[in-house]
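Structures for review follow.
Okay, so chain A shows up in both of these, paired with chain B first and chain C after.
This part shows the complex of A and B:
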């Protein structure tokens, strides 16, 4: 037979490949790629939810520069990246080292540490709202040991830090599993050689483990920084829909949600805000990847 | 995820004089190190599971019990399910749970069917435009959802589907990442089996259903679990698309409960336990696939 199987199939059922791919392409096109393009287009218009927009050029972006709330959102989202990412790169690695050895009961601990990942962010947020409440568990403990009560959910900066703590708490288990897979590939001989050379545990961690899992650290850094910049739920739940005292805890995505939704939503302006979210997200990815390449050379 | 599968390695039988615990390479772990490890493990355990238990404890405390006491009381003095009845009187929590279940089930079905079909087309079928189609899914995977929700919202309005459960499911009903996961799974299958079936006269549907699909059951399970969890846990999109309280999913209902009855902590606690219990049960039964999904999902980044 001169024809290979593959080309026979094509002759036999010329339409079937497109039939197979059609549902996926349709959904992706209609609800991801089209909205992406329409976000870019809308950012140059004054479109509102109920009013079709006119082309306004760069007016939305000029307005951004003078919008205090935009700068607040950009500041908070940036602070979020700076606060959360170092913790999410380092702590899960230490945790992975802790659960790596196969001692009895370790599978239970691994699963338990992963549980916060499984829970909805709303559940997690509300659990922590109650824990950090003025009369909640954390303050009851602080008062019992004599520190006194702390207004975690009333002070602008404490609120932001509390939200960061919740993000880290929920993310630990996820990144722990990623590191665990990477640690399995570290050759044991390296550790043994270092131990023979008299290197202590800390020294071995820094000069054997860290270099061996460096590419995974970069991956975790990229994933967590993009996620941190887009933070919405944690702050929304802890600080409330209006973003804490005088809206000072508003993040960029909260501002997008507040500006662009509902019947009076300013779709054009919210789209311009979204474009900033895209731009920073892409920039963060490139930054992390470039940092990786520099270390390579 | 070889590390996780190694966990069930047989433990060394205990020697009479002192218990021997060994690591994965069969070397003994010193006692002080073991004690230190367990102490740290228990400390982290308290930190990760403690908040859930505190929430459970609060939800079981009766109306007369002081939940604000200092020092705190960890166990309910007189455990009662009263708060679970009250939460159902305050918001239609079981209707919300049903809505969440509908959304999550639909999301599982559409993602499994849609991504298996599209993944097969990308991996196995030769046709014009396959590279363009693959590129479309890769681009779609890179688009941050938070950046396009406003446009998704206006799209739903144009389709007349805002404020419906279909509108909640639709944007994520065939995730681009799932399509690419399935594509990779199909690419890893040896082609010879399918060729043999082809020679035997099986057409493309038969080869897909009888040969290729049964071989990628593991990846399909990962897609199903993450589709269920994603839909059940999602917050931002349903918050935007749903405005009618009778259509709320559980997460949106909880947010509403918290916003309206914020000072009734027992009620909110009961609501959160209702929302989280099914997923913890699912996780307890299917851990392997949850962990595998993390590995496969992370590689895409």
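This part shows the complex of A and C:
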């Protein structure tokens, strides 16, 4: 009886894993792989929303090279990575060190730092628009202290920096949690030994904490650089659908959205843009990975 | 903790792939024949109307179904945000409802793709029931046919803040009525307030150029023409306003909502609106409401701008007779009049604007605005060309912004805008 049960299980084994994986595979296939392949195919066509495309070879990619808005988008997305990633690698670590200590009331601060993560980006965006408006709270304070009004939402560069500030503010809590988990694995003895050897807080941070969480820093760097390169909501909410003054704050993903959606959307061209975003993002990940391997060796 | 190359690649793919959501196109076509028995189930899609008008539409549908036994209307309502994208997805996926609430700029690409029923062929008998201008509102240059029943119209006055006018030494009872007056008053307001109060909050749009008397498009509908001398003249005036802070510094990124808020807070002295806004002022800014001034839209052409809403029939509908009958039912004179009494909109049916509801004032601001708007609608024009897409609006806006910032001359800006819009027009097919 028992033997026949085992042989039945053995017979079913080859198919069972696939059956268990089927729901996930179906969802991934339908919502990830199919759109990806479809985008790849569309990028070589002149397809529009309501008109099926014809094969145009590399025409869309050639057009990209001569599209000023593409270069503006690439510049802004790259600047976003350069501006946001270092802050999102370092600040959450410092924050995690602060809230790691078990002192009364620390749970409140942990929750407070995490609140922006769970807040809706639209609500967050609107709040920041009100704060940074010409007549908003920030400008009112600046005017009171004699600095005068600053065009946070009307100057091309200040607008981009304001959007970066929102991204950093919103992401701090998320990466802080990742660092908290990593810090929990740092052996206490290492800190104690360093302290006995006379290392101060800064020295212990640089010589014990940072090496211990270096892999987590690489992970945070990779995740935040991908997210920063794909930035859309923050810039869209602060700069508006036209991408800031004269469209100068447009990011690549905003350009994908603007070009490829609507009844007159150029799906083929937007797909080519998406493929470029994909390629750059993968390149970013590989770059971070290479840096990590170099450090290891 | 080592992170493998494979893990990174997998993460990259998982994070980036969702970017690639793109629609699929569908072949246009569909018979224009709408004759036959009015029967069967149809779907009717409205544009953000359920929240405020649910009982009205449920009553309307019940009345239609009672009048036409054997019909069944399924009502779906879509939110305002992303409405065009929803229609795009439905059109591309072959799931466009039978009867769809549309604006002229949405109809144009659908008609070009063969998805909008040509009413000149399918239901020409109804044309005489509507105002000629409204019926023509859903025609497309270079393509014969009319592609939607006109539904409600809207236009509105220009609101101004009397208190800000007085503080600037202007006569609050004599608001500007010409562009020259407007520009002069705006410069004075900015000067007297030390640049703290702007008069206008938006950069000029295509409809502003139209109202200024700039020819927007050639008759064949094959190219834009707003880069002529008159267009350059308007943009040059706006540049002067921008430099003097008479045009709000945030105008380059403003939306109608954000400029409305600026007017509410007294940061901007004038703002276009509709009768609907009066209630909003009363509730949200009582002090502004006490000082509200109402004047006509400023125009060099003698025709104010109007917005047209339409009801389109899907050319691929399997129940065309029922769909055409229902679209007409929604937009006929009696139902448009009944809808207009529920909300501040105006019927597009012939003779409806002569109803005492639109001609007699009762001393309140609401009726004053309503009567003035109804009067101006008789000769109003929808200045925005139906072929002017969202991408073209952004292209124009960005070039205008460059001119205002002094990065290029108004001539260069408009030449570039026309070039880009023509390119987009060609790509639209």
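Here is the rule we go by: the second predicted complex is superposed on the first by the 272 of 297 C-alpha atoms of A that agree within 3 Å, B and C clash if a C-alpha of one lies under 4 Å from a C-alpha of the other, contacts with A are read in each partner's own complex, and residues count from 1 in each chain.
Everything below uses one rule, namely that a contact is a pair of C-beta atoms (placed from the backbone, for glycine too) under 8 Å apart; a residue touches a chain by one contact, two chains touch by 3 or more.
What you are looking at is a predicted structure, and each value in this text was computed from that prediction instead of being measured.
Superimposing the complexes on chain A yields a three-chain arrangement in which chain B and chain C clash. In the superposition on chain A, contact of A:32 is made with both chain B and chain C. Which of chain B and chain C touches more residues of chain A: that partner is B.
By the touch criterion defined above, A:51 lies against chain C but remains apart from chain B after alignment on the C-alpha atoms of chain A.
After overlaying the two complexes on the shared chain, residue contacts for A:112 are found with chain B alone; chain C is out of touch. When the two structures are aligned on the shared chain, A:131 is found in touch with chain B, with no touch to chain C. In the superposition on chain A, A:42 contacts both chain B and chain C. By the touch criterion defined above, A:253 reaches both chain B and chain C. By the document's definition of touching, of the two partners only chain C reaches A:154; chain B does not. In the superposed model, A:211 makes contact with neither chain B nor chain C.
In the superposed model, A:265 lies in contact with both chain B and chain C.
Superposing the two complexes on chain A places one of the chain B stretches 148-156, 166-174, 184-192 or 292-300 into chain C: stretch 148-156. Annotation: chain A residues 31-33, 35-36, 38-39, 42, 47, 49, 129, 133, 135, 219, 222-223, 226, 230, 240-241, 253, 256, 260-262, 265, 267, 270-271, 274, 277-278, 281 touch chain B in one complex and chain C in the other. On the chain B side of its complex with chain A, the touching residues are 1-4, 6-9, 11, 21, 23-25, 29, 34, 37-38, 40-41, 44-45, 47-49, 51-52, 54-55, 58, 68-72, 113-115, 117-118, 120-122, 125-127, 130, 133, 136-137, 139-140, 143-144, 146-155, 157, 170-174, 176, 179, 195, 198-199, 203-205, 208, 229, 232-236, 239-240, 243, 250-251, 254-255, 258-259, 265, 268-269, 271-272, 275-276, 279-280, 282-284, 287, 290-291, 294-295, 298, 301. Every residue of chain A that touches chain C in the complex is listed here, in rising order: 31-33, 35-36, 38-40, 42, 47-53, 129, 133-135, 151, 153-154, 159, 182, 215-216, 218-219, 222-223, 226-227, 230, 239-247, 253, 256, 258-267, 270-271, 274, 277-278, 281-282, 285-286, 288-289, 292, 296.
Taken in their complex, chain C has these residues touching chain A: 1-3, 5, 8-9, 11-28, 84-85, 87-88, 91-92, 106, 109-110, 112-113, 115, 248-250, 252-255, 258, 262, 265, 267, 389-391, 394, 397-399, 401-402, 405, 407, 424, 427-429.
Considering their complex, residues 5-10, 12-13, 16-18, 20-21, 23-25, 27-36, 38-39, 42, 47, 49, 95, 98-104, 106-107, 109-116, 118-123, 126-131, 133, 135, 137, 139-141, 143-144, 169, 172-174, 177-178, 180-181, 183-184, 188, 219, 222-223, 226, 230, 232-233, 237, 240-241, 253, 256-257, 260-262, 265, 267, 270-271, 274-275, 277-278, 281 of chain A touch chain B.
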